[in-house]
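Quick one: this structure, given as C-alpha cells, is what I'll be asking you about.
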Amino acid sequence: MDKMPLNDETPLDLEALTRALCAAESYAGVYHRPMHNQPMPSVEILSEIVERLRAVLFPGYFGHSEVTPESMRFHAGAELDVVARLLTQQVKRGFCFLCSREAENCQDCESRSRELAMLFLSRLPRIRRLLATDVQAAFVGDPAAKTPGETIFCYPSIHALTNYRIAHELNDLGVTMIPRIITEMAHSKTGIDIHPGATIGEHFFIDHGTGVVIGETTVIGRNVRLYQGVTLGAKSFPKDDSGKLIKGIPRHPIVEDDVVIYSGATILGRVTIGRGATIGGNVWLTRSVPAGARVMQSKAGNGSFEHGAGI
Amino acid sequence: MDKMPLNDETPLDLEALTRALCAAESYAGVYHRPMHNQPMPSVEILSEIVERLRAVLFPGYFGHSEVTPESMRFHAGAELDVVARLLTQQVKRGFCFLCSREAENCQDCESRSRELAMLFLSRLPRIRRLLATDVQAAFVGDPAAKTPGETIFCYPSIHALTNYRIAHELNDLGVTMIPRIITEMAHSKTGIDIHPGATIGEHFFIDHGTGVVIGETTVIGRNVRLYQGVTLGAKSFPKDDSGKLIKGIPRHPIVEDDVVIYSGATILGRVTIGRGATIGGNVWLTRSVPAGARVMQSKAGNGSFEHGAGI
Amino acid sequence: MDKMPLNDETPLDLEALTRALCAAESYAGVYHRPMHNQPMPSVEILSEIVERLRAVLFPGYFGHSEVTPESMRFHAGAELDVVARLLTQQVKRGFCFLCSREAENCQDCESRSRELAMLFLSRLPRIRRLLATDVQAAFVGDPAAKTPGETIFCYPSIHALTNYRIAHELNDLGVTMIPRIITEMAHSKTGIDIHPGATIGEHFFIDHGTGVVIGETTVIGRNVRLYQGVTLGAKSFPKDDSGKLIKGIPRHPIVEDDVVIYSGATILGRVTIGRGATIGGNVWLTRSVPAGARVMQSKAGNGSFEHGAGI
Amino acid sequence: MDKMPLNDETPLDLEALTRALCAAESYAGVYHRPMHNQPMPSVEILSEIVERLRAVLFPGYFGHSEVTPESMRFHAGAELDVVARLLTQQVKRGFCFLCSREAENCQDCESRSRELAMLFLSRLPRIRRLLATDVQAAFVGDPAAKTPGETIFCYPSIHALTNYRIAHELNDLGVTMIPRIITEMAHSKTGIDIHPGATIGEHFFIDHGTGVVIGETTVIGRNVRLYQGVTLGAKSFPKDDSGKLIKGIPRHPIVEDDVVIYSGATILGRVTIGRGATIGGNVWLTRSVPAGARVMQSKAGNGSFEHGAGI
Amino acid sequence: MDKMPLNDETPLDLEALTRALCAAESYAGVYHRPMHNQPMPSVEILSEIVERLRAVLFPGYFGHSEVTPESMRFHAGAELDVVARLLTQQVKRGFCFLCSREAENCQDCESRSRELAMLFLSRLPRIRRLLATDVQAAFVGDPAAKTPGETIFCYPSIHALTNYRIAHELNDLGVTMIPRIITEMAHSKTGIDIHPGATIGEHFFIDHGTGVVIGETTVIGRNVRLYQGVTLGAKSFPKDDSGKLIKGIPRHPIVEDDVVIYSGATILGRVTIGRGATIGGNVWLTRSVPAGARVMQSKAGNGSFEHGAGI
Amino acid sequence: MDKMPLNDETPLDLEALTRALCAAESYAGVYHRPMHNQPMPSVEILSEIVERLRAVLFPGYFGHSEVTPESMRFHAGAELDVVARLLTQQVKRGFCFLCSREAENCQDCESRSRELAMLFLSRLPRIRRLLATDVQAAFVGDPAAKTPGETIFCYPSIHALTNYRIAHELNDLGVTMIPRIITEMAHSKTGIDIHPGATIGEHFFIDHGTGVVIGETTVIGRNVRLYQGVTLGAKSFPKDDSGKLIKGIPRHPIVEDDVVIYSGATILGRVTIGRGATIGGNVWLTRSVPAGARVMQSKAGNGSFEHGAGI
C-alpha cells in the first residue's frame, strides 16, 4: 500500500504521494497542530538566548571580546534587555506547545511567561557564582589545564554546565520544554547529557565528558568530579495500575560531596554514594556506597592474559 | 625532506611549499580526481534534503511551523518536488564518486538516479509509519517525556532514527555513499552511529544515545530499547586468501523483539539475543542468549569495597 | 542577595541586575581582561584555517571539488597564503591570552608568531604523509568501507586525526591555546577527544570513535587500532608540596605498534601495552601488558544468566 | 555643549557621551516608542514577502526555477500560505507604528490586519494580469529586448512595477506604511520612485528608469511609455489656514492612454496630458496638453554652436 | 472574476486562490518553462563571477587584500579556475533560456559554452589594460580624487565600467542574457545603465553617474568624459512591415575622441559628436555636431529672473 | 598579444593566462600593495559602523526596535563602545591606504586614529540635533508624509543625510578615504551623491533624491529644499602650470537659507543663490542669483506644440 511502483517511464506522481502523506491517518501522531496560533519554540532563538547569556556570564570570553570594566555594564545591560524579551516569548511558546485546547486563558500565560523570564534573570548572579566554582573545579581537576580561563573558553564541561545551570533554573521556575531544548543543545555539542531537573552543587567538574548521562532526579553535592561515560541513571521504571510509567518520582542516585566517579562507571537507582567515595572506571553499581568507600571493578575485570592468541 | 628550514629572515617559501604539496607522489592517495566532470556529493545539500524530509514527515514540528491540515499538502508537495530534484542529483554524484574510469554510460546513470530518487520518495509513507511507532516507543520508554511531541522535537533518538530510516531505504535501493553521509550527520549531532545497512524494526528507542554503535549487518526486531554506549558490533573480520577483509558478510548481532540492552553493553558477532531478553549495563557478550534471558555483569563487577583508601 | 523578588507589577529592574552582574566581586574569576589590546582567539577563524588546510591536504575532497592536477597548485598556493596570515594572527592571540601583564615585548611576539606559523606550514607535507597512512588504516580496518576515498570524505576517524595532526605540530612548536581549540572542535563533532600533546604514529584508525579519550602524554606507535569508547587516561595526579597538581609529567599509557584496543576499554597510567597486544572490550587496565598479550574482560563479566527475571 | 573635548590622554568618556545621547531632550523627535508592545515593520520580512510574491506571480523566473505546470500549485500554495501569515503581521505593525496611544482596540486591529492581507491576496490574479501586459509593453517598447522573458528576469521596469502593483493594492485597501516601504525598496534598487497611491493602467513601460518620479495622486492610462528621468510631480503645495501642508489633494498629472514621455521631461501639477500625446526629452511642462500633441524643448534648447571655444 | 470576496468570517481560500493562479490562462506569458532541464541563470553566481574577476583585475583592492607580487599568481590562478567553471555553466544557462524547444543539440551547446568562457578569459589582459586607462581618466578628471587607487576602490564609474567591459566581451562573443544581467547589476548599484552592446574606447570617465544611459549601438571613442544624467539614446524605432520593432540596427550616437558631455544632456539617434566637442548640461540634441564644437543650452534656458515672486 | 587563441581542442591555458595577468607591466596601475601590513578599509565594517550609529541616533527605528527610555542607555553605550573600536581601526586603514612608503611612524598613526574616532563620537549629539531638523524638514516638505517617523524609517533623504552628516564630521577631522566610502554607500542606495566635504545647514530636505549631486566645496544654508536630479557642481577645473587639476579650491555653489531648487536644475561654479530664491526645474545656471529671485526655464523650454505629428 505504501509503495507506488515506478518504472522508467513513470515520473514521480507528486499528487498521489502528497495525498498519501497528507491523509489524516498518515500524519496522526506526527503532526503538531499549533495551539492559540503560536509557533513552535525556536531552537535558533534559544541558541541566541544562551549565547547572549554566556556573554553576560563570562565577559570578555564570549560576545564582545574587548569589554572593559568600564564598558561592561553597557554590554551586559543591552544583552539582558534583549534576552528578557526573547525569553518571554520562548517561555510562552513552551507553554503553548503543551497546552490542551480547552485551557485558553492566554492573557495569563503571557504575563506569567514574562514574570518567569524576569525571575530567571534575577537568578543570573547566583548562576554565575556557581559557574565560577565550576571553573575552579575544572582548573584544579585537570593537569592539562594551564589557566582557569582556558577552561571557560574551550572545555566541554563548562559549556555543558552553563547550559545546564541556565536550564535548571528555568525548570525550577516551572518553565516547560525550553529547559530540555537548552540542555539538549549542549548534549549535541559535548556529548554530556544532563537533565535540567537534576540538582548539582557547586565546584562540579566533568572531564572529557562524552557519554555522561545525569538523570532527571539525580542529586549531586559539592566538589564532585566525573569522567567521560559515567551514567547516573534509573534502575527501573515503576508503572501505575494501567501499566503506564509513573513519571517524576525520585529514581536516580544521590551523590554526596567530594565524590569522584571514573570513566564508564554506571550507577543506577535511588542509591546514595557517600561523601568522599571513589567509584572506579567501568563499575556497574546499583546499591548505596558508604562515605569514603572506594569501589573498583573486580580484579577479574582487570583482564586475563593469553599470550599470542589471535582474537 | 619535508622540512624546509626557516629563520627570522626567511619568509614563507610559498612556491616551494606549494610545489612539495602538489607533487604527484605527495597527493597520491589523498586526491580525488572527479569522474565525468561531476563534483563531490554535497554535505550541505544532503543536509537540506534531510531537513526538508523532516518537515514533510513531521508537519508542524519542522519546516513551516504553522501548517494546518488545509495547507499541509501545499507545503508537502513543494518540499517533495524540490527533494526529488536535489536527491536525483546527489544520488548521481554518489555513483560518480565510486565510478571507475572505464564505465562511462552516464546517460543510464542519470536516469537510474532519478528512478531511485522516485522510488525512495514512494517509500516515505512507510518511513513515516515506522517513525510514528518510534515516537511512541520514546514516549513510553522515558519517564521524563511529558508528551510524544517533545520526543519528536528534541530527542536525539528520533533525530537519529529519522536519518537512519531515510538512509536505510536509500541503501536498500542500491544508492551508494549518500546513505552513509546521512547517518554520519546524525552520528555527529547525537553520538548515535547506525550503519544504513542495519535492519531495525518498528517501535525502537535509544535513550540518551551517545556512544551507541549499530553495525552494518545488525538485525533488530520490534519494540527493542537501547541505552547510551551500547555496541552491536562485529567480533572478527574474516580475510580472504590474499589477506584482504571480506566485506559484506553477516557479522553483527540479531536482536529479537522486546529486548532491552542497558548502557555500555557490548554485543559482538553474529549472535542472537532472544526475544524479550534483558542485557545489563557494561556487559561484554560474544555468544547468543536465549529468549527471556537476563544477562548481568558479574557480581564482582559490581565493585569491591575498600574503606578510606586513597586512589 | 542574588534574588531580586519580582511580582506581577514589577518589571525587570535592568539597572539593578546589571549592577549586580558588573560588580567586581561578581565577575572576578569569570572575566577576561584583554592583554595588549588583543582580542580572544577566534573559534570561527580557527575553523576556517582548519577547513582551508583540509582542502590543501585532501585536494578534490574538500574545498574546490573540481581541482585537477594542473590547477591544484594555484588552489593550494592561494589557500596556504591565506592560512599563513590568519594563523600568524591566531598564534599571537593565543600567546596574548596567556600573557602576564608585565611581559610586554609584543614586537618579539609578533615575529615569533609569524615564524611559528611558517614552521608549521613547512610541516604540512609530513602531516599529509601521515594522514595518507591513516586513510589506508581506515580502509583496511573497516569491512564496511568500500573505498579509501569514502573514509576521507565521511569517516570521523580521518576528520579527528586531521585536526589532531595539525594541532599536534602546533603544540610541538610551542603554540599555546590554539592546538587545544582545534582538537576540541573535532571532539565536539566526532566525540573523539585527543589531546594535542599526545604522540601518535602512522597508520592509526579509530572506528566509530564516540567517547574515545587520548590523554596529553600518551604515546601510540604504528598501526594501532582503537574502537569507540576507549580511554587512554591518567591514573592519578601527583601534587606538589603545596597541594597543587603537578602539570606536564608523563601519566598516560604507551601503546606500542600493532596493538588493537576494543570498545569501552580503559587503560590508565604510565603503563606499556606491548607490541601486537589485543585489549578486549570494556576491560579496565592499570598495569603494563607484554607484547602479543591478549587481555579480555573476565568470564564473569561476560554475563550471568537468569531466565524470566524482571529487571 | 555637544563637544566633549578630548586630548591624547583622555579616552572616550563613554558614560558622558551615552548620557548626553540618552537625555530626553536629545532623543525627542528621533525616538520611536513602540506602541502596544509591537516592533517596527521589518524591511527584511517585507522583502521576503515581495520575493515570495514574485515567485508566485512569475513562476519559473523567480523562486523555485524548475517548476512545472504539474508542481506549480504546490509551490504557489505554499508561498501564499506563508505570505498570508507574514503579511498579516506586517500590516498590523504598520497600523501600530502610526497608532495614537489612546486607541488601543488591538483585537480589532489584529483581525482587520488579517482580513486586509486576505483581501490583498485575492487580488493577485488581477495584479498578475496587469503585469503580464507590462511585460508585453517592455518587450515591444525596447528594441534591445530579445524575448518577453528577458524583461521579466532583468528589466528594472518590471521589477519596479511588480513592487508598485503590490503596494498599490495594499494602499488601496487602507494599509499604512507597508506600501511605501515596498515601493521604496524598488526605488533603491532601480532608481524608479513610484508612490503607491498613484494609479497606473495596463501595458505600462519605463525604459532604463533611473530618476523617474511618479507622485501620489498621478493617474496614468493604458499603454503609456516613460523614459529615464521623467518626473510626474506636484507644482505647488497648498497650505491650510494654520500654514500646514494640506495632504492628500490631487496635485499630480493625469496622463491619458498611449502617451510617450521622453527622458528628463518634467510635468508638474494637476494637468492633463491628452491621449496619444508625445512629450519630448527635458521638457518642463506645467499646463495641460491636448490629445495627439507633440511637445518638444524649444529649438534654442537644442543647443547653440560655438566653434573651438574652451569651456 | 479575479476578486474572491472575503468577510470577517471567511479565512483565506488558499485552494481557490492557488487554483486561480495556476490556471494556464493566468500564468500564460509570465511562466518560464525550463528548457532541457536547465535552471535559470543565477544572479547570485553571476555576481560571484564578477567579484572574482574584480579580484583578479584589481589585485589588492578586491578579494584577498594582502596579496603580494609573489603570491599574486596563486590567487589569480585559483580565481580564474573557479570562474572558468562557473562561467561555462552560466553561459550555457543563458543559451537554454532563449532556446526554442526544437533545437536540442545540447552536447554542442555545452562545448560551445566552455569554449566561449575560455575565449572570454583570454581577453582579460586586454580588459584590464582598458580599465587601467579608465582609472587614470577618473583620477585626472575629478579634482576631488586624491589618488588613482581611491577611484578603483570606491568610484561608481570604475565599478560600472568593470561590469560593462566584462559584459561587452561576453556579448561580443555571442553570449546571450548573461551580459545584460551583468550590466544591470552595475545599473542597480550605480545608476549607470550601459548596454553591453555599446562600444567604448579607452580612458573613459563618468562622474557621479546616476541616470547615465548608453544605448546598445552607441560608439564612444577615446578619452571621453560624461557627467550624471547623460543619455546617449535612440530617437526612433523603425518598425518592419508587420509593425514590429526592427531590432539591432544602429540607432544610438557616435561620440568621437576627447568629447565632454555635461550633466543631463540628451543625445538621440545615429548622430555624430565630432572629436573634441563639448556638450553642455541639459542640452537636448538630435543632430550631429562638428569636431571642436561647443553646444550649450540656449540663453533663455539659463533662467529668467523675477524678483520676489512666489512659485 | 592579449589574445591567446583557443579552439575546441584547447582547454584553458590557466598557466599562461595567469602569467600574463601577473606580469608587473600588466598589473601596474591597478594593484594595491598594502602599506605597513595593513589591509584595505572594509566596506562591510564601515557599513556595520554606520548601521550601529543609525541605531544610536534614531533609537527604536533602527537596531533594537523595542528600546525604552529605561533601556536606551545600555543599548547606546554598547553600540558606541563597539563603534569606537571598529572606527579607530578603519580610520587607521584609511591613513595607511594613502600612506607613502617613507613615512612610517605608525605608532603615531594608531593613536591619532583613536583620538579622531573619539572626537568624532563626541560630535554625535550635534549630528543628531541636525538630523532631527532634517526630519522636520522632510515632514513639512512632503505632503505625502503622514508622520515624521515615516521619514526617518523609509525616506532616502534621511538615509543619505545621516551618512553625509557622519561622513562630513569625519572629513572635517581630517579622516581620509572613510568619509567618501560612507557617502558612496548612500549614493548607491539612494542615488543621492553628496561629497563629504560639502557644508550643509540644518533643516535640509531632498525629495525623491535620485540623481542629486552636491559637490565637494558646496555650501548650503538653513532650510533648503532640493528635488531629484539637482546638480550643485563645478563649472571648470583650473589646472596648474604642469597641466594638472588643482585640487581643493572652492568651485561649487553657495546656496543661502530658504532656497528651493526644483528637479533637474543644474547650478555650476562658485556662484551664490541668494536667500529665499527659487530655482525652477531643468534650469541650467552658471551665475549668481539675488535673494528672493525666481529663476525659471525659458518659456520656449516649456515646449512647443505640434498637433498630430509622429516623432
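Every chain is named by a letter (A, B, C, D, E and F) in the order it is written, and numbering of its residues begins at 1.
Throughout what follows, a residue touches a chain if its C-beta (ideal position, glycine included) is under 8 Å from a C-beta of that chain, and two chains touch if they have at least 3 such contacts.
All values reported here derive from a predicted model rather than from experimental measurement.
Asks: Can you list every chain in contact with both chain B and chain D?
Replies: Under the touch definition, chain B and chain D have A, E as mutual neighbours.
Asks: Report back the single chain whose CA centre is most distant from the CA centre of chain C.
Replies: D
Asks: How much rotation, in degrees rounded to the nearest 5, is required to superimpose chain A onto chain C on the basis of Cα coordinates?
Replies: A turn of 120 degrees brings the C-alpha atoms of chain A onto chain C.
Asks: Same or different for chain D and chain F, where same means more than half of the interface numbers show up on both copies?
Replies: At the contact between chain D and chain F, which are copies of one sequence, the residues are largely different (under half shared).
Asks: Measuring from the mean C-alpha position of chain B to the mean C-alpha position of chain C, what distance in angstrom results?
Replies: 23
Asks: Taking the mean of the CA coordinates per chain, how far is chain B from chain F in Å?
Replies: About 56 Å, centre to centre.
Asks: Give me the residues of chain C that touch two or more other chains.
Replies: Residues 14-15, 18, 66, 71, 73-74, 76-77, 80-81, 191, 210-211, 229, 264, 280, 282, 297-301, 311.
Asks: Draw the chains as points, connect those that touch, then say whether the picture is a line, ring, star, complete or other.
Replies: Topology of the interface graph: other, matching no listed pattern.
Asks: Pull out all the chain pairs that touch, please.
Replies: Applying the touch rule to all chain pairs gives A-B, A-C, A-D, A-F, B-C, B-D, B-E, C-E, C-F, D-E, D-F, E-F.
Asks: Of all residues in chain D, which touch chain E in the complex?
Replies: 56-61, 65-66, 68-69, 72-73, 76-77, 80-81, 84, 111, 115, 118-119, 121-126, 128-129, 131-132, 135-136, 140, 142-150, 152-156, 189-191, 208, 210-211, 227-229, 235-236, 262-264, 280-282, 297-309, 311
Asks: Going by the contact rule at the top, pick out the chain B residues touching chain C in the complex.
Replies: Residues in contact with chain C: 2-8, 10-12, 14-15, 17-22, 24, 26-34, 37, 39-41, 97-98, 176-177, 180-181, 184, 187-188, 191, 193, 195, 197, 210-211, 213, 215-216, 229, 231, 233-234, 237, 244-249, 251, 260, 264, 266, 268, 278-280, 282-287, 289-290, 292-301, 311.
Asks: Okay, in this complex, where on chain D does chain A touch?
Replies: Listed in rising order, the residues of chain D that touch chain A are 14-15, 18, 70-71, 74.
Asks: Contact residues on chain E for chain C in the complex?
Replies: For this pair, the touching residues of chain E are 64, 66-67, 71, 73-82, 85.
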